[in-house]
Structure formats: structure tokens, C-alpha cells
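Pasting the structures in now, so scroll down.
Okay, so chain A shows up in both of these, paired with chain B first and chain C after.
Moving on to the complex of A and B:
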């Protein structure tokens, strides 16, 4: 299965929310990274069919998703940031309701299987309004998986969750992503670092980079530096710079900097992380915005 | 069918059912408050006369009422002469006292007998009528104007059907489901239609139930026995009321579809309430929209008054069907619309 974005553009009067997005996606977990307003939600809403692109198209195995209509929706699972589930329905009832919406005949077995998968079997009779944030998210995933979708779109799925729930959620996504195309939008880098097969970085509606997990760190290869310094000097340096942060390791204060040039004579290159990539790309974006 | 039942369940949530029960109880209780309607006759005298004249209309009863009317006229006409005669001692006190009694009796009966004569003339014209104590029915039907309880209940029930989905952001998940576009929209519309119909019918039925506990007799008599209710054929008062109940409930059901269309336009409960209130409720309150073509064009027309004898059920059904289709089409287009 191939999902092809061809020059997808969305404009709102004078503002361009997404500009000529082009990419080809197959099975795997795709992390859509970018700060607020980068165009992540716009891209996902266009894919889900909620927004109409101003230009361009999305093709599923060569056929327009718009023309496929219900056929496309049959293989789609979409979980927005706030799914607006009915508070008076129990988890099980919500699953049954969405099973009817997804045209699933005799869904009981599938519902029980999914509730077990997201570890909500014991709470399935409780009302949705009584669920914790993490339980709500897990139920959302279970609802999305009802129709065994080939394409799963998750918008900021870990927003507002505690670390334990986020870890549990990551494990679920990791399992799902083996045989599906999972597109996951987030600005929390650590949520996708270990599970994404490919990273799509958006800034100001433009595609900043599309890289596989193996390639993504190449962007900042040789551009991440650390040097030992005093706590005061580190604080002063990092205060108004978005490309620097302070790291405390083995009783020493280190200034961690992402920069094209060696920032200090005593700076040493270090192994980059995904967070460095994020910092490198989106720090530029913020700088450009501040210049404007 | 499953989607329809789920939508109905969402509409009739436990909280909503409590509010509806309160509305129905309030409607029932308010029926016990006297209507305070004025009549051109005395109710007590009318009841007394009906003890004598009750039953089928006959020429003899009509002649008797005419004779009594003439007699009353004569008694009242000589009043000044009799007072003058008594003052000039041309008649005795006993004679004057006897006249005075007759005079006061005639005065108290005058309007009622005139009404009965008028009614008899109407009976004579249409034939096959029955004298019975119909004041309560006249008050009941006369007070069946625009029902604010039904309006409140329907608007309260229907507004959240689509607005909730827009305001809670549930729409995005719904419309991206396989059946979340046309099928779901139609199910929601059917559920709103059914809920509005049942609720409106319940409000009007409760009103009738309350009336039955207060009065409740003579419902089997034909509606044409009520003065001015000519042209309805032989249908009984109960059947007339329940036909009107069905017409109004159907109008409210179509009103619900209209509200759904507005909901998808505004995507906001307050604006929907306002934009629904104006065309439905205002059209019922301002101007005479219950006559002529307006009764088929505007929902307020049929909701404001009981249906008239020249009411064309086929035209009404056709108009409702057309309106339902138009509002439903608008609703579906707006529900599925991509920004």
C-alpha cells in the first residue's frame, strides 16, 4: 500500500498553512514533527478528508482518496486530539457505537480483543466521563482500530498524559505500526524517537525534512557540541539562545549547543539525538519568525 | 437501524428525560388553572337549560327555545311600564313582585337563550346535531393555540443533535468513519424527527389527559356540535383533537429537521436556538399565518391554531415532505462539507 502526497497545499486567504507537501508513505510509523502552527494538523485533516486542499492531491495506490470516499474511510482510523466522545456512554457502548459507524457486523469479539489490547477490559463498563486522560487516549486508539485500519492518523496522542501513560501509549503504537501506516503528529520528540520509522519535519507549512530513522540524525551530524563550563556562564549563554541547553552530568555543568560552527574552543562534538535535530530545524524557524 | 437507535439514545439521555418529565408535569398542572375565557352566556343557566334540552336537536326544541326567547323579550320589554303601573298603584305589590321575579329570571336567561337559539339555528342548518354541555370543550379547543411547552421541549431536544458534535469536536471522528457521513446524518435526522414528533405528541396528549381528569365527557360527540365548527364532517371531538395533535406533532418534527439544518450552519447551540426560535415561534405569534397558503408554507401557521375545516391534508403532507427533503439535503451537505 502506497500513500502519495502530491504537492498538497492549503491556503486560508493570505496565510499558507501547508505549502506543496510531497511525500510517499508505505507501512510504518511516520512522525510528523513541528511546532504549533507548522501545518501538522492541516496535513492530517486533509488526509482524513476534513479539509479540502487548495491544490494537490493524495493518492492511495494511485487512486485519489477523495474519489475513493467511503472505500478510503473504510481503511482509515483517525484520532484527533480531543475526540469528543459522549461522556454518558460507557467505554464498551462507545466501542459498539463506533463499530456501527464503521459498519462492523457482530463486533463484540473485536471490541473485547481491543479492550484487552489497550488494557481497558476491567473498565469497559465505566462511563467515559469517569476515565482518566490516559484511559481516554487508550480507548480512542481502540476505537480507531475497530475497523483494522490500514492508515492510522493520530493527532498529538500523548498530549496531557503522565510519563507512565505516555510510555504505555508508545508501546501500543509500536505494536500497531508493524503492518499499518501510522501518521503521528506531535511536538514531543521523545514520544516518537524510539518508535518512528520515518520523520517528517514541517515548519511554517513547508517540508523541512523527510528522513528515515537511520538518516534523521545526519542532519545535525557534526553540529552538536558540548563543553564544560561554570553554572553561571552556562545560564547566561543559554538564557536567550534556543539552540543551547544546560546538561548536568557527573557533577559537571555542560553547555549543549546545536550549531553549524564550533561555538567555543573547548567545545567537543557529541553524538546527536532527535531532540538536537528538532532544536536545529525549529530554532531556525523561530529565528526567522522573530526576524519578521 | 443501529445508528438510528444510538442517536435516539443520545437524544433521550437520562438528564434530558428528567427535564422532559418536568415539562410534561408542568403542562399537566397548568391545565388545572381555569382558562378565564369569557362567554356570551351564563354557564350555570346554560347547564340548567341543557338538563331540559340536552340530546338530539329537534324542531320542537327549537320552537320551544324561540318561544322562550320571545317570552323573555316580552317580559323585559314591559319592564318600564310595569314599574310605572306599580308606582301609580295600578297593580298590586303581589303582582309587581311576581313580575319582578319573572323579569330578573328573564334577564339572567336572556343571553343564554339567545345563544341557544343561535346554536339551534346553526343546528337546523347543518342537521344531525346534539345539545350537550360543550363549554369545557370550547374552552379546551379554544385554548389550544401555540404551545410553548412543546416548543421548549422540541428545541431543547433537537439543538444538541448536531451542535454537540460540532462543539465537542466529535464530528471529525464521526465523518471519517465509513458510515459517518450520509448514513449518520440521515440517522440523526430520523432520530431528531422521531424525538420531536413523540415529544410534541406527548405534550399535547398530556394536555388532553389533564382535560379528561377535569371534564372529559362528551368526547364522542361530533365536533360540528360546537358553534362555528362546521365542515369537519362527523368526526368526534376526540378524533378532531388527536388529528390536530398529529398535524402539530408532524409540523414540530419537520421543525426539528429545520433546526438540524440550522445547527450545521451555525455549529453553535445559542445561535441555533435563536435562528430556530425566530422562524418557528415568531411566525406563530405574529400575524395570521394559519390561513391560506401560509399554513402550508410556515410551520407557525399550523402550530398557532387548531386546523381549520378547509385544511387540505394532502397539500399539508406534500408541503411537509418537500420541506423535510429540502432541510435534510441542506443538513447533509453542511454535515459533510469540508472546510
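Moving on to the complex of A and C:
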């Protein structure tokens, strides 16, 4: 199965939310990275059929998803950041409601199976409003999986979750992503670092980079530096720079900098992380400085 | 049903829905109370005595004219007695022939006499006059060199419809007019129209305001069936409310105003004297309920259509309320102007035109059944009530189809 985005553009009067997005997706977990307003939600809403693109199209195995309509929605699962579940419904009732919307006949067995999968079997009779943040997100995933979708869209699925729930969630996504196309939008880099097969970086509605997990770190290869400094000097340096942060390690204060050039004579190159890529690409402060 | 139940739950999970519902039920309670208090203090005669008199005279097996004559004679006798006693309070302590005292007898007999006069004299003679006039009009028109076929067909129909024996009975139909007064008035119509609009707008914008539309609309059956389920919920709620309202009205009629025999022809009630149809009281209540239901269905589908087009609760509610209530207010205002006016006056003509095309007049269906009220469409004489029902059904179907198509196709206006 191939999902192809061809020059997808969305404009709202004078603002361009998404500009000529082009990419080809197959099975696997795709991390859609970008700061707020980068166009992630717009892209996902277009894919889910909630927004019409101003230009361009999305093709599923060569056929327009818009023309496929219901056939496409049948293989789609979409979990927005706020799913807007009704608080007076129980988890089971919500599952049953969405099963009807997804036209699933005799859904009881599937519902129970999914509730077990997301570890909510014991809480299925409780009202949604009584669920914790993590339980709500897990229920959202279960609802999305009701129709066994081939394409799964998850918008900021770990926002507001505690570390334990985030880890739990990552494990669930990891399992699902083996035979599905999972598009996971987030600005929390650590959530996707270990599970994504490919990274799509969006910036101001434009594609900043599309790289596989093996290639992504190449972007900042040789551009990440650290040097030992005093706490006061590190704070002064990092205060107005988005490309630098302070790391405390073994009782020493380290200044961690992502930069094309070696920032200080005593700076040493270090192994980059995905967060460094994020910092490098979405570093607005450095961008502004370069404009000046 | 498994698709409708969650929509009910969604609608009633909103506090706004409960506020609307409680407001309507409170007004309903108020009208029941008002009907009760009026029945307690405004009756100037005893209905039991009145019914005793009617039953006694019916048991005599007299012909209509004999019954009327005997009743009139006894009424004159009692009137003389009442005059003879003057202001003497002793009369109240004397036993009556039919009721508790002679004054009770006098008032009830007087009313029974008026009623018999209406049934056996006025009703048939007025209908005869209409038939005679209609036949005269036909002959006069036919005598012209270029006869107006519209006038001929209208008069012919009037002659046919009134040249029928109405199977009235000399029996008390109860106070139908007062029964209709509560729940068939402008204030109640405004309340119900507002309820229909607000509830529909709430139902159709709930998913948008809660932001659950994203998951719902991206589901396989997300839109078309959702529309049908939500529309069904609205229509079920309005049907229930109208049926409860009708039930309240009937209970008030039975308990407070003595309206019990619904198989009587409507002409048994004086205000329906000129009704050309063979219609029972029960049939009239049924038609009235259907007319109202149709009006609220139209209001709901219109509001649903606006929701599909606009998708924002406040503008939807504002436009739907205006569309539902403004013509109602205009029709009511012009109706007030026409009271006591000549039927050839400009105001009356505007009102007639409104009654033709504005479905809001379905809320006041009595006007369609208290006179010969037909219109001619391409040579075909059709009852104005039927015509308005057809117009309303067409508007309802149009709004429904448009809303369904728009709701099914539309993408959300919200920015992603």
C-alpha cells in the first residue's frame, strides 16, 4: 500500500498553512515533527477528509482519496489531539458508538479485544470523565483501531501524559506500526525517537526534511558541540539562544550547542540526537540572527 | 435504534437541552394550572345540571322541534319565576327540579335552550342559506355572457359541502373553546418554535462545539447516517412534546371543561357552525396535532439545514429563530388587524395570502375549519388547510434533502 501526497497545499485567505507538501508513505511509523503552526494538523485534517486542499491531491495506490471517499475512510483511523469524546459515555459505550459509525457489525468481540489490548478492560464501564489522561488516550487509540485501519493518524497522542503513560503509549504504537502506516504528529521529539521509521519535518507549512531513522541524524552530523564551562557563563550564553542548552553531567556544567561552526575553542563534537536535529531545523532564534 | 440511542445521550448530556426542556415543561404546567383555575372560577352554571336537563329531554323521545318548543316553554316559565323572586335570597335554599336550586335550573335551562336553538334552528337554517346563496350565485354567473368558471366551481363546491345533514346530537360537547384556548395560543407557539429551533441547533452543532466531529466525520458512516440519526432524535423529541401537549390539552378538556365525547361532529360546537367538513371533534384534534407536528418538523429541518450550511451555533440559532418566529408574529399581528375588518380590506387580503403560503398558520388551524376556506388552483378547488399542509411538506422535504446533502458532503470550516 502506497500513500502519496502530491503537492498538497492549503491556503486560508492570505496565510498559507501548507505549501506543496509532497511525500510517499508505505507501512511503518512516520513521525510528523514541527512546532505549533507548522502545518501538521492541517496535513492530517486533509488526509482525514476534514479539510479540502487548495491544491494538490492525496493518492492511495494511485487513486484519489477524495474520490475513494467512504472506501478510504474504511481503512482510516484518526485520533485528533482532542477527540471530544462525550464525558457521560462509558468507555464501552463510546467504543460501541464509534463501531456503529464505522459500520462494524456485531462489534462486541472486537471491542473487548481492543479494550484488552489497551489495558482498559476493567475500566470499560466507567464514565469517560472519570478516566485519567493516559486512559483517555488509550481509549482513543482503541476507538481508532476498531475498523482495523491500514492508515492511522495520531495527532499529539502523548500531550499531557506522564512519563509512564508515554512509555506505555509508545509501546502500543510500536506494536501497531508493524503492518500499518502510522502518521504520528508531535513536537515532543523523545516520543518518536525510538519508534519512528521515518521523520517528516514541517516548518511554516513547508517540508523542511524527510529522512529515514537511519538518515535523520546525518543532518546534524558534526554540528553538535559541548564544552565545559561555569554555570554562570553557560546561563548567560544559553539565555537568548535557542540552539544551546545546559547539561549537568558528573558534577560538571556542559554547554550543549547545535551550530554549523565550532562555537568555542574548547568545544568538542558529540554524537547528535533527534532533539539536536529538531533544534537545528526549528531554531528560530538562529534563523532570525542569520537574517539580521 | 442503536445509532439513535447515543445521539439521545449526547443531546441530553448538554445542560442547555435540559434548561430548554424544563422551560417548556414549566410553561406546560402553567397552562394546565391556568386551565384549572379558569374552570374553577368562571363557570356561571352547573355543568351537571345542564347535562341532567339535556339527558331528561333526550329521554322524552321528542322530535327536534317538539323538544325545542318544550324546552323554550319551560325556560319561559322559569324566567318568570326567577323574576317573581327578584332579589330574594330564599330562592337559593329551595330545591331545584334538575339542580341544586331554581336559579341553577334557570341558568342551565337557559343555556340548554340556547344550545337546542342553535342545533335545531340556527345550524340547519344557516347552512340552507349558504346553499341557496351558492345556487343563486351559480345561476347568476351562468346567466352572464362570459361566466367566471372559478366563481361557478367555488359556489358549486360550497353548495355540495353544505347541502349535507350534519349528524349532530343534542348532547353537551363540553367547553371546547376554552379547551383550545390553552396550548393553542401565540405565546405557547413562540415557546415551542423556539424550543424546536434551539434543540435542533444544539443537536447539530454539538459535535462541532465539542470538537468530536473530527473523529466522527472521518469514520466510514460519519456524516450521512449521523445526520439521519440526529434528525430522528430531534423529530422524536418534538413528536413527544407535541403529543404530551395534546394529551395535556385533552386531559384539561376532559377534567376541567367536560369535553368527553370526541365522536361528536365539530358542528356541535357553535364556533364550528360553518365548518363544511364532516369532521368529528376527535378528528379535529388529530388534524390539529398533525398540522402542528408538521410545522415543528419544518422548523427543525430548516434549522438543521442552516446548521449544515453555517455550522456555528449562534448564527444558526439567530437565523432559525427569526425564520420561525417572525412570520408567526407577522401573521399574528395582521390577524389582530383583521379582527372586525371587512373581508375586502387590505389587511384581510394580506392575512388571507399569508394563510395560504405561510406554514405558521398551521399553528392556528381553527381558522381553516370554521368557514368555507378553499382556494382554486388551476381550476381545482382545494381546502386551504390541505394546501398549506402540502406547502409545508414540500418545504420540509426540501430543507431535509438540502441539509442531508450538505451535511454529507461538507468539510469542517475550522482551521486545522
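In this text, the second predicted complex is superposed on the first by the 283 of 292 C-alpha atoms of A that agree within 3 Å, B and C clash if a C-alpha of one lies under 4 Å from a C-alpha of the other, contacts with A are read in each partner's own complex, and residues count from 1 in each chain.
Just so it is clear, a residue touches a chain if its C-beta (ideal position, glycine included) is under 8 Å from a C-beta of that chain, and two chains touch if they have at least 3 such contacts.
The shown structure was predicted, so the numbers you read here are calculated from the model rather than taken from an experiment.
Taken together through their common chain A, the two structures put chain B and chain C in a clash.
With both structures placed on the common chain, the touch criterion links A:49 to chain B and to chain C. After overlaying the two complexes on the shared chain, residue contacts for A:17 are found with chain C alone; chain B is out of touch.
In the superposed model, C is the one of chain B and chain C that contacts more residues of chain A. Look at A:41: by the touch rule set out above, it reaches chain C but stays clear of chain B. Contacts of A:147 after superposition: both chain B and chain C are touched. In the superposition on chain A, the residues of chain A touched by chain B in one structure and by chain C in the other are 45, 48-52, 70, 73-74, 76, 78-80, 82-86, 88, 97-98, 100-103, 143, 147.
By the touch criterion given at the top, residues 2-3, 6, 9-10, 13, 207, 210-222, 225-226, 411-412, 415-416 of chain C touch chain A in their complex.
Taken in their complex, chain A has these residues touching chain C: 10, 12, 17, 41-46, 48-52, 70, 73-74, 76, 78-80, 82-89, 93, 96-98, 100-103, 143-144, 147.
By the touch rule above, chain B contacts chain A in their complex via residues 2-3, 6, 10, 13-15, 165, 168-181, 184, 338-339. Listed in rising order, the residues of chain A touching chain B in the complex are 45, 48-52, 70, 73-74, 76, 78-80, 82-86, 88, 97-98, 100-103, 143, 147.
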